[in-house]
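Sending over a structure as structure tokens; questions will come in a sec.
First chain written, first letter: the chains are A, B, C and D, and each begins at residue 1.
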Amino acid sequence: MSAAAVHSLWTTAADPISKIETPKIEYGQLSPTLIVIGGALIGVLIEAFVPRKSRYYAQAFLSAVTLAAAFAAVVALAAGGYGTTKAHIAAMGAIAVDGPSLFLQGTILLAGLLGVFTFAERHLDPLAHGNRVDSFAAQAASVPGSDSEKAAVKAGFTTTEAFPLLLFAVSGMLVFPSANDLLTLFVALEVFSLPLYLLCALARRKRLMSQEAAVKYFLLGAFASAFTLFGIALLYGYAGSVSYATIAQVVDGTVTNVDPALAGTMGNDALLLIGAAMVVMGLLFKVGAVPFHMWTPDVYQGAPTPVTGFMAAATKVAAFGALLRLLYVVLPGMRWDWRPVMWAVAIVTMLGGAIVAITQTDIKRLLAYSSIAHAGFILAGVIATSRDGVSSVLFYLAAYSFVTIGAFAVVTLVRDAGGEATHLSKWAGLGRRSPLVAAVFAVFLLAFAGIPLTSGFAGKFAVFKAAAEGGAMPLVVIGVISSAIAAFFYIRVIVLMFFSEPHPEGPTVAVPSALTTTAIAVGVAVTLVLGVAPQYFLDLASQAGVFVR
Amino acid sequence: MSFPLLTATVVLPAVGAIATAAVPAAQRTAAKWLALVVSLATLVLAALVVVRFEPGGSRYQLTESHAWIKDFGVRYELGVDGIAVALLALTALLIPFVILAGWHDADTLETGSRRWRPTQGFFALILAVEAMVILSFEATDVFLFYIFFEAMLIPMYFLIGGFGDRAHEHGEKVASTQRSYAAVKFLLYNLVGGLIMLAAVIGLYVQAGTFSLPEIVQARANGSLHMATGTERWLFLGFFFAFAVKAPLWPVHTWLPNAMGEATAPVAVLITAVVDKVGTFAMLRFCLQLFPEASKWATPVILVLALISIVYGALLAVGQRDIKRLVAYASISHFGFIIMGIFAMTSQGQSGATLYMVNHGISTAALMLVAGFLISRRGSRLIADYGGVQKVAPVLAGTFLIGGLATLSLPGLAPFVSEFLVLVGTFARHPVIGIIATFGIVLAALYTLVLYQRTMTGPVKPEVAEMPDLRVREVLVVAPLIVLLIFLGVYPKPVADIVNPAVKQTMSDVHQTDPKPEVEAAK
Amino acid sequence: MNPVNYLYLAALLFTIGATGVLIRRNAIVVFMCVELMLNACNLAFVTFSRMHGNLDGQIIAFFTMVVAAAEVVVGLAIIVSLFRTRHSASVDDASLMKL
Amino acid sequence: MENLIALLIAAPLLGAAVLLCGGRRLDAVGHWIGTLLAGLSFVFGALLFADMLGKAADHRTVTQHLFSWIPVSGFQADVTFRLDQLSMTFVLLITGVGSLIHLYSVGYMEHDERRRRFFGYLNLFLAAMLLLVLADNYLLLYVGWEGVGLASYLLIGFWQHKPSAATAAKKAFLVNRVGDMGLSIAIMLMFTTFGTFAFGPVFADVSGTGEGKLTAIALMLLLAACGKSAQVPLQSWLGDAMEGPTPVSALIHAATMVTAGVYLIVRSGAVFNAAPDAQLVVTVVGAVTLLFGAIVGCAKDDIKKALAGSTMSQIGYMVLAAGLGPIGYVFAIMHLVTHGFFKAGLFLGAGSVMHGMNDEVDMRKYGGLRKYMPVTFVTFGLGYLAIIGFPGLSGFFSKDKIIEAAFAKGGTEGWILGGAALLGAAITAYYMTRVMIMTFFGEKRWQPDEHGHEPHPHESPKSMTIPMIVLAFGSVFAGGLFSFGDRFLHWLEPVTGHQEGHPPVSAAVVTGATLVVLLVGAGIAYVQYGRRPVPVVAPRGSLLTRAARRDLLQDDFNHVVLVRGGEHLTRSLVYMDHTVVDGVVNGTAASVGGLSGRLRRLQNGYARSYAVSMFGGAAVLVALTLLMRAV
């Protein structure tokens, strides 16, 4: 081996390295994310310096304001035309500011805002030693049932860290769908995952389940992100860059930088295909598609219900956003490779979610499986690979997230001695005891089932239509079949609530404060509006349906 | 633009439903009256539609068209042809009677709680159903139709499952389980049908690029829209399946006996006389006009299925022990006739089928409502629990008999006209099927008279000895229906004149002409 | 020496890590296996960076380390709290929720 | 003038409406209203008759178009009435006899609290029957056809509290429905063949149509006729129909409704003439039925059932005649009219007897009643002589003509049919004599009923006897009136057409033979019942007798084959609907549920197994992607 060769093992020649110029950041266009991150940091400071009694109010107020402000920023950007004409890539190619990003960021922010409302609800649990309590553990560190926990409860501790955590998660979610290179994608992934892992562990009641959920979510999540990362590595190896644009060009064959060393050893496409598959797998894990769905039921069940609601809504939005961008911007060149795979995934996801849901007995698990089935429906729209496909998915995500948050918010209301009464048998006769809550929940269920005049139907129709136009008619047929199966268990819950005799010692329906009420009301309103007059939002979605590359 | 009459016929009951639901728990009687008034007002509007409608005028009249969901190519398009007008009138006509007959149906559910308001709910739901059914008759946009075709399931579902018949030999517990079973069965059957149709609706859009029925029909006529044979057949099947479930056609009929058996009589009437008509109506309007070739292709099978429904339904009616289930199976037999008439592809058959929808609505309403009054008196649905009622309640028995005679389509009563037209129309093209179908009239006589004999004649059963005769409210419900039955039996011309032009249109859409009589053919 | 071998090594490490996740019970060990996978990724990045002659891969490697560190913080917190509650770090004991 | 036609129907229809909707407040006068309106309609009939007589023989047909009934492209049904000699004959018979029987019922139903309703039904019947005979097209005729069916259903089952009555009514309606099937199929055939079903056009187009089609139409019409006129094989209902009040039996099940079948055949003569095969079948049906009815009539001890059998057989004669074509039509109608008189008379007589005997119907419990109820005896006796065809009385002329015509059919068929007719005449004489003797002669055989009431036979009130007397006059003179100078023939000929039949042997011989067999039949009866006492309890009797008592086992056949079979069929179908049709659906649901239950197990709560599925999934994903590129 020559000296140069040996030398080249641990040093590289300097001259080929282009010097790194100082990055140029368009702060204005990144403002939504920056605002949220700022808010989160302030939240941390509040935890450090504000006296315990007033932390709750400070945090709740701060997060609400932050998210509202961020949303305002998004609206401003959209109004400024960044969603359409001025769409471009910011932050040295790291972040894409375009229609989908803005639309999804807006959705995520609203979801987060409603999430904050549900987080901040303190009227449901009975007073603990005269202190109002929310659904988070008094002190996450204290062992369940231990004296320290009792002491913490007595002292009226509450885990107000939940709010900054939520903000961090939101910030990650904002970046995730607008990430324009794989590195940013990965970092964003972790940024919004880690806080969620923690939030899962913070339940006040049923803490064992909560912690278990956290562990499962964390381990599996980490496992998945490892795959993603490896995929990213392979793609990097394939294209020599992690920026979407470059990879796309390489995939299209407009740019070829085949390293002779690589060419000699393995076919580039192997790298591309394996890498793409692994990255996609990481995203499918987040959206909870079969067979990467198995964490969903357990985590949804174990996590504090407000967290579940937020997670179910926002995570899906962010993950699907990222998936869309990946498939539409990076890999359109190889769609003949991934479309059949996605077909398979969509089919098993739709059917699997719907079928397993039939025999569920816990309302939260039921909703978890239904969310899996819905992931399948959305995938059908993703597969369309058309502009309609994008906008239909965007619309579906918006519609779905509001229904989900609303539904889980209702779940928090139905309580008995052990906290939330999530076992279905306890919901019997709810319609007799409090018709309004039951009716609202029925609306959400019908929306999930995709009954006309609800947002669920509009969304489902949009994605199926896009899929059919994309030539995926069989997928549509399987879709309607699985919606028929799914309809069965939604109906079952309605029957339970309205037609079966209430238990004498059945659960009571807590009267929520304005916060949860708002969350639910908004959910219902959006569900009905998007169901009856969706045109405006469809326009929005279709305007937003163009990626920048 | 003129006053949107058709929209009014929908909005009025819809608003009425909301208003009724909003009535506070204390004033439940007020809610009843409100619902009744609204339904009557709707009837007036419907009458206006009938008056404004010119038979032999343009294909669709009183049309309205507004943009709705551009992205889905959906418009809010209303318009009525003769067939729609007839059914619109029928619906608007029956609802007041349904409300009046169901005056006390929800009372048993009242718990006195301030939150729980079953009475308001009951009548609000009925009005909601009316609004949706009327809209689905008026919609000339496939998607608009589909939406309400599906949406009407929800109020019906609550009406069946929530307000079922308290009269049950095994007591309330069993009753409630059977009721929710019936409701779920009803919903799932129709939902599955509807979802299959959804796929077809989407497929249609992919093919046509629009949902407007007139546009599609025209495009198909002038050849600018060509469908591959296979595609057209698949789409046709998707649509037809949904309508066949709704109609219901053998073998997807089994939800009807459960639903009608468990629901209260007025709701049962709502199901079979109003909601199910949407299915047969849609076959006539959508299946035939959108997919003429496929309709012709499927005709033989459908005719056979219809034939099976006729005979099978009648035979099962004979075998029933439960009055309401008996009427349900009778209805299945009648729906067989309607579908047979539609797919006979003759103007007699189709006019007959349309008249049949109207007449069957009225006759079944009469029979079922009287049966309901009977059941509410004795508290049992079992035929065996009755006997000799004729002696203690002659008026009830008399009206029951007339309803029965209408069901067996006795000449002079409305159903005869339509049934005979259907038979003739079918016979003209498919003699064998026509002849076999005529056996239906014997079986109809069998189950009706057996029912009458077992319940009304013979020695008086002690349980019914104290049975009161019809009250004023009940007579008010039944008498007009009977008058109508006789009038339409003697002078059906007004309805026929409204229906015929539309049928002629449909026939030409399907490129069909009546077979010529042999004598003329010979000449 | 052909840098591709490093890729093979990376793949091997990744597989070992994945296998560990699948077969080991102790949450800590499972977690370490995940870390191993991440390191495998890093190795791959660096190798590719070397092959392509640009620095992106190496930069990414640094990012990855940071992320991994963050993950450790969160992960350990969760695992420890679980351990304190159950006095066991076995992932198989944590199976309250099923079906 | 022809505007009266509608009124003809309107009057009784109005009566029915008023009486049935009127409610209790009309109970006092209801029966008189009914009778009045029936009479009114008779008056209209008479006026029209007078008017018709004024016109020339072949310009007597008048039609009245009321309104277009069912207008559907190509299918035009109008409400149009046609009054010609044929329908005129029926109008007079129906309204005349009908009015008399209304009058009779006033007395007969006196003690029934639902008398108003009874008259309502009677009026309804009149209206329907008139519609039947006045209709100008088959569909309208169909309305009347089922209308009389309904009236008959209501009246047979008038005493609904008696299960037997209710069952009989249902049976009558069902059997008739089978016939109606024939009628509706016939109408459909006409529509597809001629494009119309109005009398005029159809008969006009018959010439240009294939015989096969016409035969089919004719046979379907025959089926209808069998149902309505209780001809074999659809005769089973008539016997049970006697459950109805006697006036009903007299009016509907003797004089008018049951003869509608004959009317239908004669009216459709043009079709039948063009379908000889069908005509043959008609004659056979007639011949079989006339023997069947006669034999059944011999065995019955229930006076009304005996008379019912006789009715069946007499209508058999008419059908036979109608089947003979132009040589028979007129005589069929003529016999129909005369039979209307004497059979109605006989039934009213029977009713009067029952009225006097606490509604006892078993002739074995009568005997020697001539002393107690002379008027009834005389009128009944005259009717008896008329029906057996005693020379000079109505039956003699009409029946004799039919027998001649039967022989005149010619060939073996002629001999067979003629023979059957002759034999029938003999049997008629036999069973009528039997009835006569068992009822009015011999020693009294009645005993107290289970309540110990000894019946006190007495003559019936005027309102009942007067109609009987009037009808007796009819039974005596009608025949002669019609026959001298062939009045009736000339009257009907323009409608039915006529051709002189030429029996192989001279008419005189036939007449002689008829008288001989008549004497033989009557003689045997006298020997059996007049010379020796009649046992109160019926002897077991020969196999034939026992079979005849059970309507020659016809009902048993129906019961075993139709009723039992039907029950089995429906029961198995109900079961199938539950298990198979529903089962498939529920099965699918269950299997999905089962699948769900099995898939659920995969969610076993172990994080590591979740990881496995993810790993496997990733592997599959990668493999698939590579595979896609490979292929």
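Keep in mind that, in the parts below, a residue touches a chain if its C-beta (ideal position, glycine included) is under 8 Å from a C-beta of that chain, and two chains touch if they have at least 3 such contacts.
Keep in mind that what you see is a predicted model, and the values were worked out from it rather than measured.
The chains in contact with chain B and with chain C alike are A, D.
Each step here moves to a touching chain, and the least such steps from chain A to chain C number 1. Here the chain at the heart of the shown protein, by mean C-alpha position, is B.
Computed from the mean C-alpha positions, the centre of chain A lies at a distance of 81 Å from the centre of chain D.
Centroids built from CA atoms put chain B at 46 Å from chain A. As a whole-number value, the distance joining the C-alpha centres of chain C and chain D reads 97 Å. Centre-to-centre spacing of chain B and chain D amounts to 37 Å, using the average Cα coordinate of each chain. Contact of a single residue of chain A with at least two other chains is seen at positions 215-216, 219, 223, 227, 297-298, 488. Multi-chain contact residues of chain C, defined as those touching 2 or more other chains: 18, 21, 30, 91, 94-98. For chain B, the set of residues that touch two or more other chains comprises 188.
Chain pairs that touch one another: A-B, A-C, A-D, B-D, C-D.
Of all the residues in chain C, the ones that touch chain A in their complex are 1-4, 7, 10, 14, 17-18, 21, 27, 30-31, 34, 37-38, 40-41, 44-45, 47-57, 59-60, 63-64, 67, 70-71, 74-75, 77-79, 81-82, 84-86, 91, 94-98.
Residues 188-189, 250-251, 253-254, 312, 315-316, 318-320, 347-348, 351-352, 388, 390-391, 398, 405, 410-412, 416-417, 420-421, 423-424, 427-428, 431, 434-435, 438-439, 441-442, 445-446, 449-450, 453, 456-460, 490-493, 496-497, 500, 503-504, 514-520, 522 of chain B are the ones that touch chain D when the two sit in their complex.
On the side of chain D, the complex with chain B involves touching residues 20, 67-75, 139, 142-143, 145-147, 150, 153, 157, 160-161, 163, 166-167, 170, 173-174, 177-178, 180-181, 184-185, 187-189, 191-196, 205, 208-210, 213, 566, 569-571, 573-574, 577, 581-582, 584-585, 589. Interface residues of chain B, counted against chain A in their complex, comprise 67-72, 111, 115-117, 146-148, 150-151, 153-154, 157-158, 161-162, 176, 179-180, 183-184, 187-188, 191-192, 195-196, 198-199, 202-203, 205-206. On chain A, the positions that touch chain D within their shared complex are 215-216, 219-220, 223-224, 227, 269-270, 273-274, 276-278, 280-281, 285, 290-292, 294-295, 297-298, 336-338, 340-341, 344-345, 352, 355-359, 485, 488.
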